[in-house]
Structure formats: C-alpha cells, structure tokens
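All remarks here apply to the structure that follows.
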Amino acid sequence: MRAPISDLPLAFDGVSLRVGSIDIVAGLDLEIHPGAPTLLLGPNGSGKSTLLRLAMNLAQPTAGRITWGRRDQPDERLAMVFQRPVMLRRSAAANVAYALSRSDPARVNALLARVGLGHLADRPARRLSGGEQQRLALARALARDPEILFLDEPTASLDPAATKAVEDIISSIAASGVKIVMATHELGQARRLAGDIIFLARGKLIERAAADAFFSMPQTPEAAAFLHGDLVI
Amino acid sequence: MNLRFILALAFAAALNTFALAQDKSIVVASTTSTQDSGLFGHILPLFKQKTGIDVKVIAQGTGQALDTGKRGDADVVFVHARAQEQRFVSDGWGVKRFPVMYNDFVLIGPKSDPARVKGKDVETALKTIKAKAAPFISRGDRSGTHSAELALWKAASIEIEKDHGPWYRSIGQGMGAALNAAGASEAYVLSDRGTWISFKNKGDLAILVEGDKRLFNQYGVMLVNPEKHPSVKKKLGQQFIDWLVSSEGQKAIADYKIDGQQLFFPNVGVPGA
Amino acid sequence: MPDGASALALVFGGDPALYRIVALSLYVSVAAVLLAALVALPFGAFLALVKFPGRTFVVVVLNAFMGLPPVVVGLAVYLLLSRSGPLGFLGILFTPHAMIVAQALLVMPIIAALTRQTVEDLWAEYREELTAMRVTPARRVTTLIWDARFSLVTTLLAGFGRAAAEVGTVMIVGGNIEGFTRTMTTAIALETSKGDLPLTMGLGLVLIVLIILVNALAWGARRVGEIRAG
C-alpha cells in the first residue's frame, strides 16, 4: 500500500486570472487545509466559480502560483460537482460506473445507496429530477475516492427539500474525512455547513476566518454588509 | 454484445451470398450495342449449362472495352472494330483474333424523312444529309459503331471530324442514348440493327437505309494475352472462345431472334472477316 | 428482366432478378456506410476535439469533399484497383467489394464532417465535466460518439442516402454486370439507355420507396432508443 500523497494544503500565491483586460480574480493569497468544510461565500460574480476551477486545475492562472501539497501538480484525488452537472446518456448506475477505473458493480450500488438513489439505478440519468441528478453527480464524484471535493453552488437550482437532501449528503461526506470546498451565495447554507469561510467580492479575497468568528464578528465592511443582507457590488 | 454478434453473423452471411464466384467465371469486355441487343442473355446461359462457367459481361464502348483488356481487367474482349482488334493483337495485348459473327448497321431517321434519303445507298444518303444540314446524331465515343460511322463518312469523301456544322451532334454515349437523342430531336443516326430492334422508345423513328454492303458490321473475339497479365484466366477464357466459334456456339448465335428476326449472322472461317 | 413488364408487376410477381438487384443495392450501400463509419466517426470526433496546426484547413477540405463527384471517386478507385494499377493484385475490380470500397470513400467525408459538427457541439456541453473527471482523450472520443449516437444515426442516414442514390461510382468500378454487380441505379441507367422508360420509372419508384423505408426504420430505432436512454 503506497503512502498517500496529499494535495493539501492547497495554496494560492498571488493568483490572478485575467481574461482580455479584466481580472476575474486578482491577487488571491490563501491556503486550504484538511478538516471541516471550507465555504466560498460571496455575491454573484465575485469569482467563486473561478477560484474553484483554478483549485481543480481546470484553469491556469495568468499570474501567481497554485500548489497542491506543496507540489505544482495535483495528485488527481480531486473531484468536482458543477451547479448543473452533465449526465451521460445512460443509466444512473452507468454514470457512476463511468467514473470508476475498473468495473465494480458492488461499489456502484454502494455509492448509489449512499446518496439515496439505489432504487433508481437503472433509470436513464437524464430523466432524473434536478435534485436526483445533483445527488448522482455526488456519487460520481465520490467514485473517484477524492481527497478534496469541490462543489460549485450545488443547490442553487433546487427546491428546499432537494437542497436538504444534498446538504445532508455533503455533511456525511465531510464527516467521512473528505475535504469539502464549496461555493455558495446563500448565507443560510454557509451557516449550516461551514467550518471556515473564504469571503470574496469583485474577484478579491476580502476576508478569511473560521465560521463562528466570521458570522459573529466580520472584520471588513463588505462582509458585514453581506451578512446584514445588503447588496455588495 | 449479443446484438453485435448477430449483426456480424448476418454481415458474414450476406458477404457469402454475394461472394466472388472466383472459381468458375470469366470477365468479358464487350460493347453496349452487343449487350443491348440481348444476345448475351440468350447465348450465355447455354454456355454456362455446357461448361458451368459464369460469364460476366462488362458492356462499354469498343475503345473502352479494348482498354479494359489492355489493363488486364478482362479475360476476353469481344467487340466489332476489326482494325482496332487487329492492332490490339499486333501490339501484343491479345493472343489471336477470331471472327465470330456479323450484324449490320442501319440508317435511322424520322419517318417524315426531311432530307429525303430513304432507299438510297448509304454514301449518297450521308452526302445528302450533309448537304441539307439535316440533324445527325453521332455516338462520338470511340465505339465500333462510331468507327463504322466515321468510315462511312470517309467513303462518302467527307472528312466529317473537320468539316461539320451544328447539325452534326456528337454525344459521347451509347447506342440507346443516341437513339433517344435522335428521337427527341428528329435527327438521323447510324445504329446497329440489334439495338434498333430491341429499342423500346422508337417513337417517330424508322429504318431509312439498309442492306448496303458497306453497312456490314463484323464481330471478333480475342483472349487477353496472359503474358502481359498473368491474372488472365486463359483456360476458361479460351473455352469461351472455342465455344463461340464451334458449331454449337454459332448455332446459338444464329438462333437468337427478336420479333422473329435474326440479328446476328455467324461467319467463323469466312475469309477476310 | 422481362421486357415491357412494369416494375410494379415485377415486385408483386416476385421476379428474382429484381430482388437480387434490390438486395445488392442495399448490401453495397449499407456495407459502404458501415465501413465508412468505422473510419469517419472517430476521425470526425478527433477533428472536433483536438486542436492541431492546419486543423481549419482540414475541416474546410473535408466539408468540400462532401460534394465529391461520384464519377471522380469511381474513376480514382478504378485506376487503383485495375490489374494495371497499384492494388490490382487484390482482384476486386468489377465485384461488389470494389463497389463497397468506392462508395465508402464517397461517403466518408459527409459522415466525418457531420460527426465533427455533432461532437463539437456536444463537447461544448461536456468539456468541463469530462475534464474534471480527467477522462483521457481516447476515451473522450468514444464517450462523445456514444452519447451523440442518436444524432449520428441521422449522419449515417445522410451517408446512406448519398450512397444509395449514386450511380457514377458503382457503374465504373462495378461494371453493371447482370446478376452480379447490377444495382438499382445502374439498372435504371441501363434501361433508360435502352429506351425502356416505363420500366425505369418503376425501378426509380422502387428505389425511392426503399430509401424511405430505410430512413423510417432508422428513425423508429432512434426514437425507441431515445425513449429508453432518456
């Protein structure tokens, strides 16, 4: 059994992503450590999705440097769930199996059961409801046995019941030792799930704190405004 | 996986059904007019019955048929252009030329006969057509019929390739197409009798000149030279030639009739054929 | 085929020569499309997914080749397969095999070009997800082709339509040999030149009905598949 290589701490060092003449994100300096979920919080357009993609190595910074466990390349135990996950044109079980490196029907069933989709294994994935598809995407991500699981506003388009179901699964995943890094613009969700908060606005890192500290004593005016429910532009 | 297996099986079965009957078959390059006359439909089953050999006929213009033989894509060449056939043999592409049969050409034209050539001899008829600039369709495809047409103009002292007007239309196609064109444009055309008799779109056309000795159309058959193309099936090809010139083959040819008319006249062994 | 008989009478009278011609036409064109698909589907997907220098040029040429004149393809294949040509030793000129190869070449561009377009559109949708799942380029090709399979059925039908309708290619490389390489289109050409127009119109109708039937079958299969796969 090989010694596991860790992608944590995940460190951003002066990272910027410039497209055309606009900095989508600029001067990001942060570190993500193992432990409770890290929630990326901020209004729409604040750069949360971009940060996730950079961390997932789906995009390359135009300035600065990202390291995974102090290395330049991640070890590939990263997985991501998108806001609108793409379902492959096959059954739910087949979608999960797709993410496995070798055929393992028992594991597929176990993963489906874990997200509460065991009874829908043979249903065409595209005919699942929004919430079910989100849960299937989670199962698919878990199939990769990730060390870090990135989620980009996974419940943004779901109703409260589906949202609860997904949040419960995320909590259980976090409890099993997977590091969760999740973007949300929804305060209540952040309160429910966060261990620590990264607060972004206009592509910049505004505040970084443990969840309790952030919610009770925001240090910056933007964070305070956001918590107060005011618009932060 | 089951479905793919079934599909593969079906495909293989289809492949076999249409499989190359390479065992006992030959390819004969012949002319469209010979095929259109229906002769092959009559004599080839008799040959197959006797020898079990499948004869696959590729019907092209004479020039193309000889070219096919040169390329080695046919085993036997069976056309009606004596000078070109003799050159084929002397150039080493064919083994030996055997005269087989003849049919004749007829001058076809509109029943109304605007150029008034009916009943004349062919030389006079052509001269008249040119003089009156009556529309004339030429096959223009290096075929045996085309060569015969050119030779007839020459016999009428007309260098038709250099000296013609828009009344002379060279279409570069087979006999059927030429007859169609003549019918559609009320024109004159030289045709072999066989194609004419079996042609189904006669419309207003009719035979206007026939029987002239110069309208004689001789057929010859040759085995493609195996020394040039080792792939030639010389044994089977020679069997076909032997049959054609045998009394059995010659009788089969003579027996072929349309509307009670004999189309081809066997003449193996006739000197100068 | 009996002279003067109408094609409909032949169909209902069960004329074996006509059945053979119809069967050969279907066999040649279907086999050609399948053979072409083997090459053109992955190639089209590859073009959609991989950026390489000169890619635009290849795409433009591929699109242009959708309109390759069948006689030109027929002539090129004829010269290749002739005993006097480089592939003469195969001995397949004037056989259905040559016709399949030639038609496959003819329809490869249309299948590849349409596949490229379909896969490119699908890749736009799948790119992030498949990249996040670290799917290898080879696997991307097969995944996209499989997920696009219903659109690709239409692509294959387009190829089949072009193959079944053409006469120039199969005439030249097949030789229109009676009972052996005579297809519906070459039979129509022959009977037209013999002046048997009622027969050719009948044959033409049979050909059109055939093509419609194949399309209907494929469309039905597509609908069933779509419903089952969501």
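When the chains are written out, they are named A, B and C in that same order, and each has its own residue count from 1.
Here, contacts are C-beta pairs under 8 Å (C-beta built on N, C-alpha and C of every residue); 3 or more make two chains touch, one makes a residue touch a chain.
Everything quoted here is computed from the prediction, not taken from an experiment.
Each step here moves to a touching chain, and the least such steps from chain A to chain B number 2.
Among the chains in view, C has its Cα centre nearest the centre of the complete protein Cα set. Averaging Cα atoms per chain gives one point for each, and the point farthest from that of chain A is the centre of B. Centre to centre, using the average C-alpha position, chain A and chain B are separated by 80 Å. Centroids of chain A and chain C (each the mean of its C-alpha atoms) stand 47 Å apart. Per-chain Cα centroids separate chain B from chain C by 33 Å. Counting partner chains per residue, chain B has no residue touching two or more of them. Taken in their complex, chain C has these residues touching chain A: 125-126, 128-129, 131-134, 143, 146-147, 149, 228-230. Listed in rising order, the residues of chain C touching chain B in the complex are 3-4, 23-24, 27, 31, 34, 82-85, 88, 91-97, 175-178, 180-181, 192-197.
The residues of chain B lying in touch with chain C in their complex are 11, 14, 17-18, 20, 22, 27, 32, 36, 40-41, 56-59, 70-73, 173-177, 179-180, 198-202, 229, 231.
Chain contact summary for the complex, chain A toward chain C: residues 56, 58, 76, 79-80, 82, 85-86, 88-90, 98-99, 123-127, 140, 144.
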